[in-house]
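Chains here go by letter, A, B, C and D, matching the order in which they are written, and residues are numbered from 1 within each.
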Amino acid sequence: MLKQLKEEVLAANLDLPRYQLVAFTWGNVSGVNREQELMVIKPSGVPYNKLKVNDMVVVRLNDGEVVEGDLRPSSDTPTHLVLYRTFSEIGGIVHTHSANATSWAQAGKGIPVLGTTHADYFYGEVPCTRELSEKEIIGNYEIETGQVIVETFKNRGLKPLSIPGVLVHGHAPFVWGKDADNAVHNAVVLEEVAKIATHTYLLNKDLKPIDQRLLDRHFLRKHGVNAYYGQK
Amino acid sequence: MLKQLKEEVLAANLDLPRYQLVAFTWGNVSGVNREQELMVIKPSGVPYNKLKVNDMVVVRLNDGEVVEGDLRPSSDTPTHLVLYRTFSEIGGIVHTHSANATSWAQAGKGIPVLGTTHADYFYGEVPCTRELSEKEIIGNYEIETGQVIVETFKNRGLKPLSIPGVLVHGHAPFVWGKDADNAVHNAVVLEEVAKIATHTYLLNKDLKPIDQRLLDRHFLRKHGVNAYYGQK
Amino acid sequence: MLKQLKEEVLAANLDLPRYQLVAFTWGNVSGVNREQELMVIKPSGVPYNKLKVNDMVVVRLNDGEVVEGDLRPSSDTPTHLVLYRTFSEIGGIVHTHSANATSWAQAGKGIPVLGTTHADYFYGEVPCTRELSEKEIIGNYEIETGQVIVETFKNRGLKPLSIPGVLVHGHAPFVWGKDADNAVHNAVVLEEVAKIATHTYLLNKDLKPIDQRLLDRHFLRKHGVNAYYGQK
Amino acid sequence: MLKQLKEEVLAANLDLPRYQLVAFTWGNVSGVNREQELMVIKPSGVPYNKLKVNDMVVVRLNDGEVVEGDLRPSSDTPTHLVLYRTFSEIGGIVHTHSANATSWAQAGKGIPVLGTTHADYFYGEVPCTRELSEKEIIGNYEIETGQVIVETFKNRGLKPLSIPGVLVHGHAPFVWGKDADNAVHNAVVLEEVAKIATHTYLLNKDLKPIDQRLLDRHFLRKHGVNAYYGQK
């Protein structure tokens, strides 16, 4: 069942320690099959060096039921499901506690566009959500985490594939993309962008974001209809 | 004698350079056998790449006598013994000078709970001890180091397995767990948590700790009786 | 065609991930053949681990036409061409988003000469360009990026081989040298110099550049007519 | 001639890139034979991966003449010679531009004893020299660099083996030890101590050095006549 998607999701999960985005069992990647309305996700708490294709858990998109797999899915499964249901254009999601992005999330600050490295991938500030309320934390915490991400994007009118990631306040980043591999790619970029942004602030605390036109130029030469980066 | 424990303690010691927690001969890990009231610990000043199972030193818990082994035990042995005698629920201890945790110890500051990465492992601030007095430094220094850790936990009403580590003022961290391997795991986490906390403060110096409920939620989903992280 | 130059340029490109100056497909290196008035450059958006000698693209120096190669050249090709046309003494150019140099570019600050590590390679501040105007960004952006670098060097009377690199405001460094290999060498040095400079400022924000004589001494003992560093 | 010393000095030089203390050809290690009054040192500007035993250059201690070797000795040779002549108890010297120690040198600040990691190896602040005068820079620069190190130690009454290193103002560290291998060991420690010190200051800018008794305790348990660290 979904053999190819499981392999993609496994490979994307194994990329997390390779890119030094996670320690131990931290982090998880999922991918979605939109036609069958199924999500494949890493099992909870299993070390990366022991993960096998058949450990990947298949979960139904509409109600979160496990339809295949002997292991429990990631405890963050409800967050992934909310995002897939709402952001219909995304195909893969990754959650890590990568150090630099996490420090922005802990500081409760979105990462402003301070340069073209950011602009090449994120078409604006990487937003930080509001804090969850007491009720949300005590209630369906993982679902609420998904909801506050959706709320953040709706309130600001952001498109998920133009800003393929978010910082959850006091927690860490969730990042996505057109598939699992692309989501991990964006998570690596976010960590690098966060690192450079921190260093930039150390040198100049009063810095403003770059000019909107420079942001347009860089994002659109890679992602717009007239993109001219890469091969045809 | 205690062959399995020696192998566990050796493996845990070899993890220290692998996780980049130590340089040269810095750091040491021990494990305890509660039934036989014996501790196994790294010998003093031996390079990690030359450590063998039979180099591990067996020390009696009640009086610190070496009961097996040709080498001298770690100079921090008396500190380990105080901790095992007082914290009856712990099974392994590690001492490192890992850079980020050590910089908090040198700054004389406990690491506040700034995010869920911390909350997943430490159920509150990682405390920093008071400075040792002149008399304590001149006297049985390594025993006093253990005592000031115990005092810190008693005065604040902390449980050793809920806060599995401490910063010794002006010195470096001691970290523990249910066994030697788990202690090293927690030492890796502490170093990562300390690094993220430093970066967070660079972005926002006036930050408050996260909400108590978010701390509860994360610590208890991993460690409480109703934990739902990982496999059953 | 230009087989040796292609091999040099390929090798120099492969050095970028090896020296941890780039992630993914970021960055590009070119080399020039002055007699034939041809430039060899990395193709756009191709991962380093898949690059082959024949993927290198040969571009005509005077009009930018591709004269050999099946792939599109780097999107930064026009910037490289402007630099080769104006700085006749350089033989190789590299562009990266290496984290420390990029953070100075994002902060909009040149890197002052804070020590002899800098003075050994850069005979003065590594300048940061002005911001591009709206018109320049909307227009021939990559050409304008080259022009603003040239303008910066002309206005300040800088010699390209005495200051073999620049920070493009809000973007990242361009670095050059007598050939492609030397350009990458200088890019590694710039990243190290930028890192040390940031750390230096953390310790002393009011620091002045080093004495001009110390700059002279170090730069000239390596690069002057009476250089006495290295072998004859 | 001096085959064993050459092998020791070669091995110590090869440790520099292994411990990530140097890039390219930066840095150099020497060792001394006191009976024969000869120094063995790395040749100038030769990449580490091409160094062979017979490339090591033998230099006479009293007048700096090369007595064996086809290559030119390190350009820092005169500095090494001054140190060996004055500090009769040292047997090896290393010079690097390691990033963290160099940033303290560039900031013109000695590294205060902020914790026991420092106290285990350096019996007090690692001093920073004064700036060299115009005359000293223009004159015999490398000799003057040695002289200002000696002056720093004399003026402050420091013993070279109690404080086995120094920061040269605006330049970088020189570190020494009882032999070449021990000098590199101390250089690794200095880099780590400098890194932790910088992080400590980021957390607490008004920090005072640790208590003299704690410094005594740690330095002397490793280095005093009653040392009890390591094996007998």
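Structural remarks
Convention: a contact is a pair of C-beta atoms (placed from the backbone, for glycine too) under 8 Å apart; a residue touches a chain by one contact, two chains touch by 3 or more.
The shown structure was predicted, so the numbers you read here are calculated from the model rather than taken from an experiment.
Least step count on the touch graph, chain A to chain D: 2. Chain C and chain D have centres, each the mean of its CA atoms, that are 33 Å apart. Shown for chain B are the residues in touch with two or more other chains, namely 202. Under the stated contact rule, the graph of chain-to-chain touches is a ring, a single cycle where every chain has exactly two partners. Interface residues of chain B facing chain A in the complex, by the touch rule stated above, are 114-117, 185, 188-189, 192, 195-197, 199-200, 202-204, 207, 210-211, 213-214, 217, 221, 228-232. By the touch rule above, chain C contacts chain A in their complex via residues 23-26, 43-46, 71-72, 75, 97, 99-100, 102-109, 131-132, 134, 137-138, 141, 170-172, 198, 201-202.
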